[in-house]
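By written order: A, B, C, D and E. Residues from 1 in each chain.
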Amino acid sequence: MTVLSLRGINKTFGAVAALTDIELDVAASQVVAVVGDNGAGKSTLVKILSGVHPPDSGTISFEGREVEIPTPAAAHRLGIATVFQDLALCENLNVIQNLFLGQEIRPLRLNDVAMETRSWELLRQLSAKIPSVRVPVAALSGGQRQTVAIARSLLGDPKIIILDEPTAALGVAQTAEVLNLVERLRENGLGVIMISHNMADVRAVADKVAVLRLGRNNGVFDVGDVSAEDIIAAITGATDNAVSRRAQAMSTREVTP
Amino acid sequence: MTTTTDRQDERLLDRQGLRGVLADVVERARGGDLGVIPVVIGLVVIWTVLQILNPIFLSSANLVNLTLESAAVGVIALGIVCVLLVGQIDLSVGSVSGLSGAVLAVLFVGNGLPVWVAILASVLMGAVIGWLYGQLFNRFGVPSFVITLAGLLAFLGLQLYVLGTKGSINLPFDSGLVNFAQLDFVPDWLSYTFAVVAAGWLFVSGFLHAGERRRAGLSARSVPLLAVRSLALLAVLAFVVWYLGQTRGVGWMFVFFVALVLVMHYLLSRTKWGRAVYAVGGNVEAARRAGINVRAVYTSVFVLCSTFAAVGGILAAARLAAANQSSGAGDVNLNAIAAAVIGGTSLFGGRGTAFGALLGIVVIQSISSGLTLLNLDSSIRFVVTGAVLLLAVIVDSVSRRSRTSHGRA
Amino acid sequence: GSGSGSGGDGNTGGGGSTENAKVAFLMPDLASTRYELQDKPLFEAKMKQLCPSCEVIYQNADSDAAKQQQQANSALAQGVKAIVIDPVDSAAAATIVKTAQSQQVPVIAYDRPIPATPADHYISFDNEKIGAMIAQSLVDHLKKENAEGGILQVNGSPTDAAAGLIKKGIHSAVDPSGFKLLAEYDTPDWQPEKAQTWVSGQITQFKDQIVGVVAANDGTGGGSIAAFKAAGTKVPPITGNDAEIAAAQRIVSGDQYNTISKPIKIVAEAAADTAYQFMQGKKPAGKDTLYNTPSQLFVPTVVTKENIKEVLFDSQIMKAADVCTGEYAKGCTELGIK
Amino acid sequence: MTTTTDRQDERLLDRQGLRGVLADVVERARGGDLGVIPVVIGLVVIWTVLQILNPIFLSSANLVNLTLESAAVGVIALGIVCVLLVGQIDLSVGSVSGLSGAVLAVLFVGNGLPVWVAILASVLMGAVIGWLYGQLFNRFGVPSFVITLAGLLAFLGLQLYVLGTKGSINLPFDSGLVNFAQLDFVPDWLSYTFAVVAAGWLFVSGFLHAGERRRAGLSARSVPLLAVRSLALLAVLAFVVWYLGQTRGVGWMFVFFVALVLVMHYLLSRTKWGRAVYAVGGNVEAARRAGINVRAVYTSVFVLCSTFAAVGGILAAARLAAANQSSGAGDVNLNAIAAAVIGGTSLFGGRGTAFGALLGIVVIQSISSGLTLLNLDSSIRFVVTGAVLLLAVIVDSVSRRSRTSHGRA
Amino acid sequence: MTVLSLRGINKTFGAVAALTDIELDVAASQVVAVVGDNGAGKSTLVKILSGVHPPDSGTISFEGREVEIPTPAAAHRLGIATVFQDLALCENLNVIQNLFLGQEIRPLRLNDVAMETRSWELLRQLSAKIPSVRVPVAALSGGQRQTVAIARSLLGDPKIIILDEPTAALGVAQTAEVLNLVERLRENGLGVIMISHNMADVRAVADKVAVLRLGRNNGVFDVGDVSAEDIIAAITGATDNAVSRRAQAMSTREVTP
């Protein structure tokens, strides 16, 4: 069942056409990986879905109805939770405050204890290495912040989770936990959009791979049917690219010692 | 002792119990993260200097004056703290306070309405002005500096217009309002009761909270620590009450101001709205993406600030027993903003507390009152005021300075 | 156009027809209410009577000499035929006189003199004299009461030239009086709140040594009274100046000792009269000559409880209905004000 | 046409030649990225309104006054732009300008020193004050708001002290300084020469730069475009000169102000120092990590600002032919800061231009002069001033508003 | 020849001991990878080396001499160039201005043309996909920004280059180019410290791998002698970790369909 579907999305920034005629479908219990080169427009797409930027044109359907997502609050109401590439945390607030921002427990007399307990649960689940949850986020390492941002998207009860390069700053253990998490989310019937530059991760968890190139769709593949090389070729637009050249150079070097 | 959920990381230095708290304070002093303590130290320095220069300064009578004089601008500063927290500014609090005093006087004295109607009307007018600012800010994205600069001019004009041909209107000395601001003091027994209640409440709430945390498996403050803390508060409050009681005691207007500070402290630190305010000040875009209604937050804050300005204007008019054309003019704006900044509120948003306004205004009024007592030439007085102000803040800043090098920018 | 520095658009100077002519009436500040509430309407009314088609350009410089210069320049650009000016800064107004005279527009100094460059005419009562009069009246009263102790002096704004003159006048009466000057204070921006704060401090410092306060205007006087009231002590005799309604009320209720009433009606009308003569191209002569300027000087009256009825009410300067409201009605009846 | 190095990305919409420039302007208007154009539009709106209300407003004589009145505060605003660019503020420019005028008058008139010595001393004093601010800021980390608030008080005191009992000192009318500010106008032929030189220089420098870019394989402005641009400038300048020349012409003081704006524009946009200023304002920590001496940048900016304040004070004194106790008091501070903000300088640092100060001060002086002509009651005048100010800025802000939605926060 | 050597470096933030007794040596023509879990203290180490934070105690030797690095400017003077994890770009400046920040060509009359030409050269070399270098950095995508930060460290003439997770946000092609670049730098005799969570990248270019765990040294390995599993075990402090468990689960799943 298709939960989210995009048709003909366009977005221009000044003189740059960031997205042109984008289409994308996400079903429940499905993990769609969106891949593409730097500046291909992946994050712009994410921002359009989460209400940060309005699209210049195009339609978004959510659970069969055509919808508008003018603000992030609207996206939250629809049940779209997002982990942004730039994380979007408030540096002056501590970890608990960031996690529960906008969805505090007991609005008129905040329940600190409940929030702190829940925070530790979430962070432990992601095997985060955060010494204290009462320090401002400004004092956290890059990976710690990313863990906080991911943990935040799990609060509430989303129908779609969008992860924009969720494992970029994570350590190996945390990356493994996030991949586990994505699989759990799929099992629970959520739709997941995951953006990543890591082909291994993509092939490990995704069901479908959508490739963007220079702001345009450049193919949608079933993960089972396609090799990492094919995806990379679609991303770079050529079978002869920096990656393949490097791979070749490496193998030559190993062969001729 | 088993390790609690929140203290399992092996890199955490052990800081439990009374000794741990001390170690923690030392470490935080080194790291420049002492909250309001530096401002208090700055205050003590100034008080010592001024007392040496003129032995009347710390006399009970003068301190009673000080408390009463702090209230009006202090209330205004409380509003300024809120606007600064979201990274905006309100330059018009002076004009709004002046206008509010004028409206009060015209309705109450001029039209003979009951005083509470006049007060309500003034406060409401403040709220409407703030709402207007919020609309202009949200709709057109005009910088708040410019909106409120325009407000400064416009409401000054309105104030002159409202006062009209009279220019200056006396409030009757025997009215409840003027009495409240000038002559009403809390009876001693009630003051002491306040002190005991405050200290008791600090202990009980701390105790309950610690229990709750312990049950949830989190680290909590120990009972002796809680007891020490509330006894210290009791001692301080009782001393203040006793000392001020040597002459006239604690004025109701000051109690009103402190009560407002406490309410704002609660709102800012213990409610969802307060969190939203800090979030918007720290990073608007992040707050927006978290689904916070950023516009509503801005509007609420502007409304609060103008409302407090109106309340401050009423207090000022009551204290002077008159509303006139120069009410709210002069340095009311600067003093209110400076009080907030001296109290540790950042002009860039996201950092500050309600207590900062209280401390800041006490610093400013101390300087002003202390130098007033010295009877210097105006020229010298201005120079010395500037120098002392700087001194007070340097003490604060120096202790904060190590922050960056300790990585808390 | 050229760099000659004079000219203006079609400004023909002083003489000729007064049909639709304009005259500038430039006042200095808003700290005292009299300029907006008395001088301006009185001047305009008289002008209307003398020359119905003439237009009065009124401006208030809000205590800013540069702004007053701007206002004068813009009046000249509008082609006024005379300027009546109460200078913010007597010295700095020389520029305005120079500029106006270079365009053949006569300047009438009003209220405050312009000593450096003689204006064409000077109409005033004298601020220094005002200071001396209110202080002297207080000192006489204290002597009569055989008071013992000292006096506080609350001056006007330290950045206001007129306040400086008043201060000088007050000193001329207080210094030789035999009463000790306990302390004095220049009130920033004439703010009553500041005066109140200062006086509060002095009450703690000097307690009951204070037998009187000389305040330079009604606002600061009111602030001083509030300070005594708030301290819960008896209010000593306190002066004022400007004869505001609020001050009249305080005098009636016995809180304020005196204020001073300036015959603004007479002065404003004299100014209108003189300006009109200049606009017709005449050169009116003054009774006196001050600062090389033909001058007309008028004497103000100190108002106390004793003479308030005659000076303010019998002469129609104030209406009993404005003053005798609420709690003041009783005092009015006692003084026979109706 | 071969593609240049910088236009090879296939997502770039083609915007070459005259037509491309037009398309670009339209796109930027939609995206709210028009630089100073909105302020200019705001100015035109205000001018139209004021002209309708009083036909004298746009008369040559009044505009000549306007230019002369803009110079003093304009120069101060130029300094404010610099401090705002690094995200700091200077509240003391009014006091410093007043003090500078007083020092000038005392040295020149009081002590009979040659005028250039007096000017030099005043300007130097401004620089020293700025250096002091820089030291306090860098060493103790006191917020500049508080430092300069202390400065505001201290230097006001010093001004009163320097002027002493006199209170006000006249500068001789026949001195060169006063003439410069009041009566010296540029001869017509020279004004026209200026206009031609400016337009010619715009063309030649643009032409050379375009050539250099083309040789380096980068896209460049086409010659017709350059020609159109400089002809437009010539037309505007010639018209201004001609129209002002209808009465007294272009004042030397205004020329001096414009020259300072040009110099600052060059320093900010074409030197390493200017880059450092923008970098510090945008992200201090990033600037520091790039190896920029952040402290030196702060100090330089404070020095510049106080120096400009001193220069502005001299101009104001010259224009008034007097220095007095209230010089620099009143709304000089607010006007200078407001001019910078209206001219598009951000209070949070990192955004703004020298030309902003010029435009901003012209807006403010226009409002003030226009309302002066209207002959209103003070109360009404204040209200209208506030309203018109808001109007001017709303025009600007609305056209910028679409920014966020177009992703340029 | 050892260019840089650290002994006994300690750093505490508030109540957290971020680094304890750290030792590290880097030789010319050597690529040292520093790896560790999130919050292990890698970036803190980088910041100490580049003068951002002073260490609480410990000594730093550079080319045999003991040195102090109190400010970033001092680090620049020594010849230490750094790409920070948080990039440290000025969002209000455009790409050229950021690249040349602090090292502009012709300080008193900036040479725009030369700087723009050089910028395009550098960016092309990293196969960056940046449409225009005259847009503020605020308008760039995550990967584009990271490319700018890397390009910046190549300006000037450094002796040591420190890269803190340089490829986290990069696309596959750009990552390959950066790895090529690291190899070129080594060939040119520079010392390189590279921080990464990607074991494949580490093993591809590094000579030595230093592992940090909870702020302490946890072993230095020669890349040839050690398997990815061993490094991961050293990072997580256990051979049974999320990564190994996940790998096992995957293989079981594949075996039993």
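One rule holds in what follows: a residue touches a chain if its C-beta (ideal position, glycine included) is under 8 Å from a C-beta of that chain, and two chains touch if they have at least 3 such contacts.
Here is each chain with its UniProt name: A, E = ATP-binding cassette domain-containing protein; B, D = Xylose transport system permease protein XylH.
Worth saying up front: this structure is predicted, and the values here are computed from it rather than measured.
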Chain labels contacting subunit A and also subunit E: B, D
Farthest chain (mean CA position) relative to subunit E: C
Inter-chain centre distance, subunit A versus subunit B - centres from mean C-alpha coordinates, in Å: 43
Centre-of-Cα separation between subunit E and subunit C, whole angstrom: 74
Subunit A and subunit C, separation of their C-alpha mean positions in angstrom: 73
Subunit B and subunit C, separation of their C-alpha mean positions in angstrom: 39
Per-residue multi-chain contacts in subunit C, two or more chains: 30, 36, 158
Numbers and ranges of subunit B residues touching at least 2 other chains: 9, 11-12, 160, 285, 378-379, 407-409
Residues within subunit A bordering two or more other chains: 13-16, 129-132, 139, 214
Full enumeration of touching chain pairs: A-B, A-D, A-E, B-C, B-D, B-E, C-D, D-E
Touching residues on subunit B, where the partner in the complex is subunit C: 54, 56, 59, 61-62, 65, 68-69, 109, 112, 160, 165-170, 172-174, 181-183, 248, 316, 319-322, 324-327, 329-331, 368-369, 372-373, 375, 378-379
Footprint of subunit A on subunit B - complex, ascending: 5-6, 9, 11-12, 209, 212-213, 216-218, 270-273, 275-276, 278-279, 281-283, 285-293, 350-351, 407-409
Subunit B-facing residues of subunit D, complex: 87, 89, 91, 136, 140-143, 145-147, 149-161, 285, 334, 337-338, 341-342, 347-348, 377-387, 389-390, 393-394, 397-398, 400-401, 409
Residue numbers on subunit D that touch subunit A, as the complex places them: 9-13, 15, 24, 27-28, 31, 33, 405-408
Subunit B-facing residues of subunit E, complex: 12-18, 53-54, 214-215
